[in-house]
Amino acid sequence: MKITIGHMFKIKRGNVTLQYPVERWPRPERHIGFSADSYNVIRSRLTVDVDDCIGCLKCQRACPVSCIKIETTKVEKGEDISEANHRGVTSNGTQKRLLVTRFDIDMTECCYCNLCTYPCPEECIFMVGGPNSSRREIDYEFSEYDRNDMIYRFSKVPFDILQKYASAVEKSEVEEAT
Amino acid sequence: MDLAGIIEIINAKFGEGFASIDEEVSADTVRLTPEQWGQLAPFLRKTPELFFDAMMCITGIDEGVESENLAVSYNLHSMKHNHKLEIYVSMPKSDPKVPSVEQIWRVADWFEREVYDMFGIEFEGHRDLRRILLPSDWDGFPLRKDYEFPETWHGIVINKMKEGWE
Amino acid sequence: MVDYFLETFSEITWLASSPNLSFVLAVTLAGLPIFLFMALNALIAVYAERKISAFMQDRLGPMGQGVGLHAGKWGILQTVADAVKLITKEDIIPATADRKLFIIAPFILFTASFTAFAAFPFNEYLMAADFNIGLFYILAMGSVGVIGIILAGYSSNNKWSLYGAMRSAAQIVSYEIPAGLSLLSVIMLSGSLAFRDIVAAQTGTTLAILPNWFILDNPFTFIAFWIFFVAGVAEVNRTPFDLPEAESELVAGWMTEYSGMRWSFFFLTEYANMFIVAGVASLLFLGGWLSPIPGYLEGNLWGIFWLISKVSFLIFVMMWFRWTFPRLRTDQLMRLCWKFFLPASFVTIIGVGIWDLFVR
Amino acid sequence: MGVVIEQELGTVHGDEMILNIGPQHPSTHGVLRLKVHTDGEIITQITPYIGYLHRCFEKHCENLTYEQSIPYTDRCDYIGSMNNNFGYAVAVEQLMETKVPEKVEYMRVIVAEMNRIASHLLALGTFGLDVGAFTPFLYCFRDRERILDLFEMLCGARLLYNYIWIGGVSHDFPVGWVEKTYEFLDYFEPKINEYNDLLTYNKIFIERSADVGVIPADVAISYGVTGPNLRGSGVRWDLRKDDPYGIYDRFEFDIPIGTGAMGSVGDCWDRYYVRVRELEECVKIIRQALDVLPRDGDVHAALPKKIRPKAGHVYSRTESPRGDLGYYIASDGSDIPSRIKMRSPAFTALSCLNEISRGWMISDVIAILGSLDIVLGEIDR
């Protein structure tokens, strides 16, 4: 009995409630000693810098629930294609040989295990708000009304250009087949 | 005592060559046929030197689509002597029958029901052999390598339809 | 109040001509404030329960948020929100339930505790009906409620409610005996069943400074107070005796199938019963509307204040029990009642008798 | 036994009632259905029905590579998921015979013991809730939140961590984490005797849990009951001491066992009290591990590029908060396992429910279930 009454009177110090809409969940401040950008340990929404993506499909293979779908087509090495707003060289300076025509992540299936961010050579896939929060603020309130809106499509190739490249792929396959 | 000592005691009781270790498969498992296992189980439990009173785990194994037989692996452990033994009993897929050890180790009751549920291995002498994890009217044994997924179950479509994904 | 209204009505000519009309009018005029008081008491008690349990558990309870203020500055509007929810919520009657009994049960329970309020004196003059057997009447009304509970449990036609109803019936019936007996010791001291005489017997001071309440009169009445209080808690089905509506076992006991307005009647009755038990305990043992410092701050208005503060302190203690103690099992509950409380209350009666004979 | 009525559900004795403590019930710690035959309130027989939470963990693992099934092991026993990762990693490393750097061993022990504290706190809180005491549940969760904050700082996640990998750990301790853990340990130790005053020595709690649901030692061993439930029955058996894995043999801590202080040996109160005492042991282990934690050394040193163990199988056991967590892994040489079987301690703990709760009342079955501390995610896998 004495304990519960004791808790009642030191309510100011001991209480735990976080009044949600006003007080937000404190983002765990993290500095890991050396370059913060190389470590990305936060579990929130996945985003992709498609400009840096070289289409190596490592994240697609690493995902245990296979919620990432990537399609690429061959392009000349390292040369910009403005109408498909595709940059030839990534920010780390590697030459790109593939144009990413489709990069979809289905956030309803993602299990937030963060296994896809480690193998990426260009570190272009990461969860928002981690040590790289300078680029993107943390966002853990991304619910949608329609389930299909949870499928994020990151490739920036406009639809008509997509047809051109897609048909180019069939053409090349036809040539290989004959 | 170590594995060799245990095998000596078993062979002393059941005749030479009863329990043998063939190195190329694995160093620490005794391979038996279902009938041999039926005789050995009560012996392992009762003899004071062995006294395997805790059955750690019973695992059902499907040895592959082409290998044509199923197997059950028993891991035994003795609390008193603190030694372990693994017994590997394999049987053809055509009639998967193994004598049940449910009366000897009570934990085997649920383990065997799970192996029956997932692999369809019949445990003779089991008092209450029915499915434990899956619904009782589920057909097919899921963990077999040659198991194909049913499209629907009682009218419920199993894999989700999502537009614009495939 | 009722006879006061009857006298005033007899002067009015057109009313005096039809006596039963004036009687009905008088009763409703006396009963209405009681009903409002019950509703008010429930509102405050619900808010207090949430806040007290929250503070005891290191949390804040319902709080008003900056944006929208949906629960009021400190969650004050929470009870209003509850009331609105309960009124607008759909009343589900299970298909296989026994419809008529299902509907009647909450009203039986509600009228039981509502009529018990009739004899409850808030002050020397302020009471609905002035009985000379007020205490006996309240105890009788307390046991009428059991019928409502059994009816509710039986008619909702599910096994869990049946369990809850059987358990609570056994519990209430068996705990009434020690409660009644422990009151007997007070009646022996005060010599009458009417509240006014009982409280009058507690005026004055003992040992010069302490108020002459029955609780301090002799050690036996002190034990009698605790027996009555704990038996009262058991009668109201609150922890540690809240077995009938044990959340972790019977989901909600006999209240499981009720929802919306009907369920709010049960809720109202639970807090009303709590008020009655605490009220009777404070009237009999803690000197009702007498002030703790004898001689000062007397008078009608002060009387109501003192009575309400004593009752709310006892209700706070009941809530304090709820958030500290685990729950007793059914047979332990019964064993505690028959093997411990009953002999203890007999001892208090004999003790008070002897004490009264020799010491006085 | 009353008149026998022939009904479609077989012979029902006159006064016997079949009660479903159904899949949806406030105190079944998950989705579990208990079909209870009761005579009045006394129980004659219980048949548990499980499988409502079956997510085909073993079938999934047969289509994923070794490191991809780590998030799945998290989700089996979602309250002690760090220990699940630990058990799985130890099993695969034993299969591949890889050695893990010293620093990682210490990190794993610290993190596993903290997860054990969090899991035991939940067990104590929900057992108090089943017996009716509401406030200890919230106190336990307030302290558990602090551990979850530390885990969130460590690996970003609060419940399912995917932190311990095969051959290493996913991230080094962030700066300031060790100091925060020390701070937590100092805050937590006095809290244990607050639980004791509030619940352990509470008269009604003792009456509700002493002598209830007694598991004798031989029945416990025969039913494969392990962990705090077995230690509650007086058997001094703890894998961390008797079959040590990792570097548990370097710490000295004692194993609390049930002594029948409040009733007979092996009753609900003993199992509860063994968990309370184990909280203190875990704090001791973490302190020792933190003192000698090597600060330098790369955590990713021994992470294998390609996990491709040779053909063969292994059965390895670790001590999870609920008992012996066993992994039987058979590999056929490729990077995808051919068979992974998880032996879950709660599965065997539930199997002995029928034997120990005959003759008790319904509120006791709820208390026994709470004291066994089962998690349905682990039972159904």
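So that you can tell them apart, the chains are marked A, B, C and D in the order they are listed, and the count of residues begins at 1 in each.
We adopt the following convention: a contact is a pair of C-beta atoms (placed from the backbone, for glycine too) under 8 Å apart; a residue touches a chain by one contact, two chains touch by 3 or more.
This is a predicted model, so every value here is computed, not measured.
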(message) With contacts counted as defined, which of the two, A-D or B-D, has more C-beta pairs across the interface?
(response) B-D
(request) Report the chain whose mean Cα position is at the greatest distance from that of chain A. (result) C
(message) Using Cα averages as centroids, what's the distance between chain A and chain B in whole Å?
(response) 44
(message) Just the number, please: Cα centre separation of chain B and chain C in whole Å.
(response) 63
(message) Centroid from C-alpha atoms only, then distance chain A to chain D, rounded to Å. What do you get?
(response) 34
(message) Centroid from C-alpha atoms only, then distance chain B to chain D, rounded to Å. What do you get?
(response) 24
(message) Which positions in chain A are in touch with at least two other chains?
(response) 3-4, 16
(message) Residues touching two or more other chains, restricted to chain B: which are they?
(response) none
(message) Touching at least two other chains at once: which residues of chain D meet that condition?
(response) 135, 142, 198
(message) Which residues of chain A touch chain D once you look at their complex with the stated criterion?
(response) 2-4, 16, 28, 30-33, 39, 41-43, 62-64, 111-115, 118, 127, 130
(request) Provide the residue numbers of chain D that touch chain B in the complex, in ascending order. (result) 50-51, 54, 56, 58-59, 62, 218-219, 221-224, 235, 237, 242-243, 312-313, 315, 317, 324, 326, 328, 330, 332, 338-339, 341, 343, 347-348, 351-352, 355, 380-381
(message) Help me check something: in the complex, which residues belonging to chain B touch chain D?
(response) 26, 53-57, 59-62, 64, 73, 75, 79, 82, 86, 105-107, 109-110, 118, 131-135, 142-143
(message) Please output the residues of chain D touching chain A within their complex, sorted ascending.
(response) 64, 67-72, 74, 135, 142, 145, 149, 152-157, 160, 162, 170-172, 174-175, 194, 197-198
(request) Please give the residue numbers of chain D that touch chain C in the complex, ascending. (result) 17, 19, 25-27, 41, 128-135, 138-139, 142, 198-199, 202, 204-205, 207-208, 361-364, 366
